[in-house]
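Below are structures written as structure tokens.
Next, two complexes with chain A in common: one pairs it with chain B, the other with chain C.
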Partner chain A sequence: MENRVIEEIKRLIPDPKRVMTDISDLYSYSYDASFGTYLPDIVVQPKSTEEIVRLVQLANQEKFPIYPRGQATGLSGGSLPVKGGLVLDLSKMNQTLIIDPDNLVAIVSPGVLTADIHKAAEQYGLMYPPDPSSSNVSTIGGNLAENSGGPKGLKYGVTKDYVIGLEVVTPEGKVIRTGGKTVKNVTGYDLTKLIVGSEGTLGIITEAILRLIPKPPATETAMVIFDDIVDSGRAISKILTSGILPSKLELMDQASIQAVEDYEPVGLPRDAEAILLVEVDGHPLAAKDEIEKVKAICIGLGAREVKIATTKEEREELWRARKLVSPAIVKIKPTKISEDATVPRSKIPEMFKRLKEIKEKYQLHLVIFGHAGDGNLHPNIITNKLDKEEMKRVEKAVEEIFRATIELGGTLSGEHGIGTMKAPFMEMELGEVGLVMMKRIKEAWDPNNILNPGKIFPEPGQKLVLSE
Partner chain B sequence: MENRVIEEIKRLIPDPKRVMTDISDLYSYSYDASFGTYLPDIVVQPKSTEEIVRLVQLANQEKFPIYPRGQATGLSGGSLPVKGGLVLDLSKMNQTLIIDPDNLVAIVSPGVLTADIHKAAEQYGLMYPPDPSSSNVSTIGGNLAENSGGPKGLKYGVTKDYVIGLEVVTPEGKVIRTGGKTVKNVTGYDLTKLIVGSEGTLGIITEAILRLIPKPPATETAMVIFDDIVDSGRAISKILTSGILPSKLELMDQASIQAVEDYEPVGLPRDAEAILLVEVDGHPLAAKDEIEKVKAICIGLGAREVKIATTKEEREELWRARKLVSPAIVKIKPTKISEDATVPRSKIPEMFKRLKEIKEKYQLHLVIFGHAGDGNLHPNIITNKLDKEEMKRVEKAVEEIFRATIELGGTLSGEHGIGTMKAPFMEMELGEVGLVMMKRIKEAWDPNNILNPGKIFPEPGQKLVLSE
Partner chain C sequence: MIPLTELQKELRYDLTNACVQCGYCLPVCPTYMTMERETQSPRGRINLVKMVAEGRIENISQIMEPLELCVGCRACETACPTGVQYGKIHEAAKNALAKHKKYSPTVKMIRNVLFKKVFPKQKVMVSLGNLIWLYQKSGLQKVLQKTQILDRFPNHLGEFERTLPPLPSIKERKMVGKHILPEQKPKLKVAFFQGCVMEGIYQRINRYTIELLKLAGVEVIIPKKQTCCGALHAHSGEHNQAIELAKQNIDVFSQLDVDYIVNNAGGCGAALVEYDHLLENDPDYKEKAKVFVSKVRDISQILVEAGNLPLQYPINETVTYQRSCHMTNVQKVKDEPLQLIQSIPGLKLVEMERPNMCCGSGGIYNLIHYEESMKILSLKMDTVIDTHATTIITTNPGCLIQMQKGILNEGLKGKVRAVHLVELLAESAGIE
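Entry: the complex of A and B
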């Protein structure tokens, strides 16, 4: 970026603390929770929609890219400044967090932490259901851009299902409002749901209206231990076709169980092939009855043991095992390639088989856990990015995981987004025309390709490269 | 349309029964359930995606418009062939209705009646929640194009919330698949949710994958009678912030009550200002407890009487009053202008006030009923389209209803769509830039303006004209 342009940016945002060009600052903005580092030319922390408008208009004039970013906890490279330019750190845009209980909505700025929305809603007996694992550290702006999921997706859906209105700065620096405070709205094209999940390529979200629901008064949790992972798959199907819709239905495979026990023994059976964690919520009488039905179904299908938590502490203890999986597996080797390949629920047993074959073929440490109830598994490859030979095998294994997912009628990404990591595989899922139709929207909205270029759409001949 | 083109269409679809050019046939395709009649040049009933592809490609070559249509029960003019050309009657595209219980999805052709999906799902203990009043006669294709709502929208959302995959013929005659069988999918832009509700302007849906949920085992219904309509509004707020999310929460005002009693006396109190119909569903114990809580809340806020149905027959009897409103009001005068202005829930009392003022100002017969729980009211003006002087007043009243809705933070359409009827008011809600961003998508996808032209986007200077 020319010095002249940098000076112009500093004139537009006359607060030296919020405009960074020091190399050490640029380095701290060069990576996210995925793979690869890319130095931006400048980092700006805007505090208002007007400041963003000015920056985007300048970017269109001077033709430099803008990379919006929350806390950069994303796993697909959505916020990486792959073509340099300006990183727009939205974490200081956190002035608004209003709960409007009469309309069952929250109004939030993009820099607000998602967990703070959870807490604010609970004070009114309400709930904002989307619960990505990162919710204590990730911003709602990032969740909106990537359409984050989480365990509660099974019953409650994902981020997009709770967004009913947006204020957005367009790629050419104009402000639009989409949707509003009403849950029903069919006035023209649904720009709200187009922009949510567009990974910052179609607009910069400066405010969002989120739908809230009454907080279910009761929750019941069970941990179910299976000797055979295929039985656990059958139990999942049986539960879901018995009239029960659990709020969470999580799975840990044997590798996950063993990783947790090596890391911090919590008494999980190392010889079990799978553990299911099932949570139901709702009316107290209903939740109690449903968790007993879940128990009966699992026992009937060969579960070794079913533990039902009777107190809040016991419930938290059961969930601790699942929460320890991520920290536990990075102790094995330092690099974790976390995928979110998602298959139709009925294909879960077949997907397990395919993953086992891939693991053996490439001799990799592959751990599977995740949101089994909605087919959104997280196969994690545990590796070391300094081991170039192994990383070559990882690249091939990742490609095969995607291929298997699509062959089984699934999708590249259930909740992490495409970013840089999955862009090379887009045509495999969407076909040439499908991708062209998406690209036409991008080109119509962002003729100068200012917002987050290098994401979602593959460059000609682009391949997944993990071995730097 | 030139004869040469008509002959070419007949060559493409070599089945004379499915290609109509007789004037009597063209007349039967010239109207829908809204306002105005427009003669097409030709009507085709395709039976396959391939036939549609051929027709759309020819349309691009010869530059004639295509108007996709289901059963034409729409209330906003979405299927009217306002620029002539070809009406594509999709009612024969009804070959597929598959329930896949393991994946909790249905796969459907656009010509399938929505009620048939309800019935098919129920046979597996599942439910397809969207329930527009027209569901016994409207096709799922029409529901998808208009993103139909219904009473269950309050708890379960609208059509769009249940669509996870589509097969679509693009405006240039190519076939794309969006989404798939997985509930979670963040692979690129959400074309599924962009196309659903785009009123046939962005593509012709030839197959859809719908998400199903376990059918709630129990339902409880209450009818609540209020002397004061403001009290009924307060009761709605109180119910929704008490942790109860009813599956339906419908309102009838005094004019609706009196219309029903004049039409077919069912014993409603003519002097009551409002009746609420509240339905809760879920676990039997929970539903019983919740309906009793609803009763207590309503009594506490001044309800005159609360009747809780104890049998299926009693439940149907309570709902009959609500179902009679539409047939009852058209007995008063022959023309019904049915609006679906939607306001944030907290603004319902204010909206009642505004509607009363509009009714008095223009001396019209205005009846209000609808989905009060989500702010989606149906103010219906009962009039006679042959009375030109009155229709002029109706035009002005409709415009004022829209203006009031938007001033209160609401939207032009909660569930009927924009079509021709509301196009003139789009900029009022969206602003100039918002409308431009929508139009850019249309232009990028449909450069020859083939699909359903004359809808959603106003022509320069277009006004609402009801007095022909």
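Entry: the complex of A and C
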């Protein structure tokens, strides 16, 4: 970027604290929770929609890319400034968090942390259900742009199911409002849903109206231990077809159980092939009844043991095992490649089988734990990115996981997005025409290719590269 | 230039690679809260060290500022789901900086005086304490405070002068014995680590500590040749000095046949429990350090273990507890202070929001980075004020000075007091 342009940006944002060009600052905005280091030319922390409008207009005039960024917890490379230019750090644009209990909505700025929305809603006895595990760190802007999900997605859906209105700065620097405060709205194309999940390529979200629901008064939790992982897969299907919709249904395989026990023994059976954690919520009596039904189903399908928590502390203790999986598995090797390929629920047992084959074929440490209830398995490859030879095998294994997923009628990404990491596989899922139609939307919205270039759409010949 | 692999070893590049850049540490980092940029966050700092180790950033002094501006509270370690050893990475980077980078004359002067002349020498600290006592008694304090001469001291030393407690007289200071036996048959036998700030400025707290131990039926030995814990040296890149101090303490305390080595300063305790890390490459001291570390305890742990403190005088006040970061995040002592606080009759404990957040004292951080430290303190004081407490309890001298400064800053002098937990226990036990 030319000095002249940098000076112009500094003139537009007259607060020197919010415009960064020092080398230490540029390197601090060169990464996210995925892979790769890309140096931007400048980092700006806008505080208002007007400031963003001015920056985007300048970008169109001077033709430099803008990379919107929340708190860079993205797992697909969405915020990486792969072509340099300007990183727009929206995490400090967090001035508005209003709960409107009469309309059951929240009005939020993009930089507000997801967990803060949870807390604010709870004060009114309400709930904002989307709960990515990263919600203490991630911004709502990032959640909207990635259409993030979480354990509760099974019963309550994902981010897109709770957005009813947006304020957006378009790639050409105009402000539009989509949707509104009403739950029903069919006026014209649904631009709200188009922007949600667009990964910062179609617009910069500057405000959102979110739908809230009453917080269920009671929850019940059970831990179910299986000797055979395939039985656990059948139990998942049976629970879901028996008229019960759990609020969470999570799975840990034997590798995760053993890793947790090595890391911090919490008394899990090392010889079990799978553990299911099931949570139901609703009216206290209904919740009690449902968790007992879950128990009966699992026992009927060969579960070794079912523990039902009776107090809040016991409930937390059961979930602790699941929370320990992430720290435990990186003790084996430091690098974690976390995929979120998702298959139709009936294909879960088949997917387990495919993953096992891939693991053996490439001799990798592959661990499965995740939101089993919605088919959003999280196969994690535990490796060491400094081991170049192994990383080559990992690249091949990842590609094969994607292929298996699509063959089973699934999708590349259930919640983490495409970004840079999965762009090379887009055509495999969408087909040539599908991808072209998407690209036409991008070109119509962003004729100068200003917003987040290098994402979602593969560059000619682009391959997955995990070694730098 | 040193070859890259050497530099990578020096910077603990191996440890930086354990960071998966998930950002879970961001919300707990006080400097990320106040300075509002990734560069001043744990994830940012770890990445910068990595960038230097990989040779992408060629000049190490380009990352000096973010490393210097870290308070060293280690809250990031507690939040980290993958157990990244930030403390080690930070210390290694500061060592490398101290080696490869030149400091400005003022900073160099402060570092020299503090690290070489003041902290390792208990005598100097004690006579500093004596001088302060004389100065407070002679009325000089009032005169100087009025003329605001102290405020013009370099780097705000003067700002903190007003927070100093009235010191016990020289005679009173000498009253404490070297081997104290309780009245009944001792339940435990401990050696007391005095700490140089504690013995120099907060000597009264040390005396209360010993009296409480005595009341609880604990036999106490105070070895004479003990020295500074070396915490400030280790955190400031003075690695070799930290090692020397550690060895001296290990030598002194290893000779004693005691159950525990007790201290009452969260920061010192944290340094003591990490002597095994500090000396892990020293074949002569490695094992001795492990034994030493296994005996180190905070005063609150001993008082809970010994039990039966006669806390008979109620303290009818609302209190709040400002945790010492080093006690919480490094020593991992969390429950015992709370148990003791709750055992004081009459008192009502109201916890502040984010009780684990650092107060910004950070060893000598508040002297060297005064402005940044005050911003963190201001966030802390907001949460203190919300509790309506009239007493703030701490467990570390650095936090105590900082909280007293906070009380001054907020104009709460006379309305709110800050005390060490030991002082409050002594008050309730009726120790004069």
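In this text, the second predicted complex is superposed on the first by the 468 of 468 C-alpha atoms of A that agree within 3 Å, B and C clash if a C-alpha of one lies under 4 Å from a C-alpha of the other, contacts with A are read in each partner's own complex, and residues count from 1 in each chain.
Going forward, a residue touches a chain if its C-beta (ideal position, glycine included) is under 8 Å from a C-beta of that chain, and two chains touch if they have at least 3 such contacts.
Owing to the predicted nature of the structure, the values given are computational and were not obtained by experimental measurement.
A.B. asks: After lining up the shared chain so the two structures overlap, which partner does A:Tyr29 touch, if you call chain B first and chain C second: first, second, both or neither?
C.D. replies: In the superposition, A:Tyr29 touches chain C alone.
A.B. asks: Touching A:Met1 in the superposition: chain B (first), chain C (second), both, neither?
C.D. replies: neither
A.B. asks: Now for A:Ile13: first (chain B), second (chain C), both, or neither, which partner does it touch?
C.D. replies: neither
A.B. asks: Just to be sure I read the superposition right, which of the two partners does A:Gly153 touch: chain B = first, chain C = second, or both, or neither?
C.D. replies: A:Gly153 sits against chain B, while chain C stays out of touch.
A.B. asks: Go through the superposed model and pick first if A:Ser134 touches only chain B, second if only chain C, both, or neither.
C.D. replies: A:Ser134 sits against chain C, while chain B stays out of touch.
A.B. asks: Using the touch definition from the top, say if A:Gly197 reaches chain B (first), chain C (second), both or neither.
C.D. replies: first
A.B. asks: Pick one for A:Val230: touches chain B only (first), chain C only (second), both, or neither.
C.D. replies: After superposing on A, A:Val230 lies clear of both chain B and chain C.
A.B. asks: Once the shared chain is lined up, is A:Val183 touching chain B (first), chain C (second), both, or neither of them?
C.D. replies: first
A.B. asks: Can you list the chain A residues touching chain C in their complex?
C.D. replies: The touching residues are 17, 20, 22-25, 27-33, 37, 45, 71-73, 89, 92, 113, 134, 136-138, 326-327, 330-331, 334-336, 385-386.
A.B. asks: Can you tell me which positions in chain B touch chain A when the two form their complex?
C.D. replies: For this pair, the touching residues of chain B are 100-105, 124-125, 146-147, 149, 153-154, 157-158, 160-161, 170, 174-191, 193-194, 196-198, 202, 213-217, 237, 240-245, 282-283, 285-286, 289-290, 342-346, 371, 374-376, 409-418, 422, 426, 429-431, 433-435, 437-438, 440-445, 456.
A.B. asks: Taking the touch rule as given, give the residues of chain C at its contact with chain A in the complex, in rising order.
C.D. replies: Touching chain A: residues 17-18, 20-24, 26-27, 36-39, 41, 44, 47-48, 51, 56-57, 62-63, 65-66, 81-83 of chain C.
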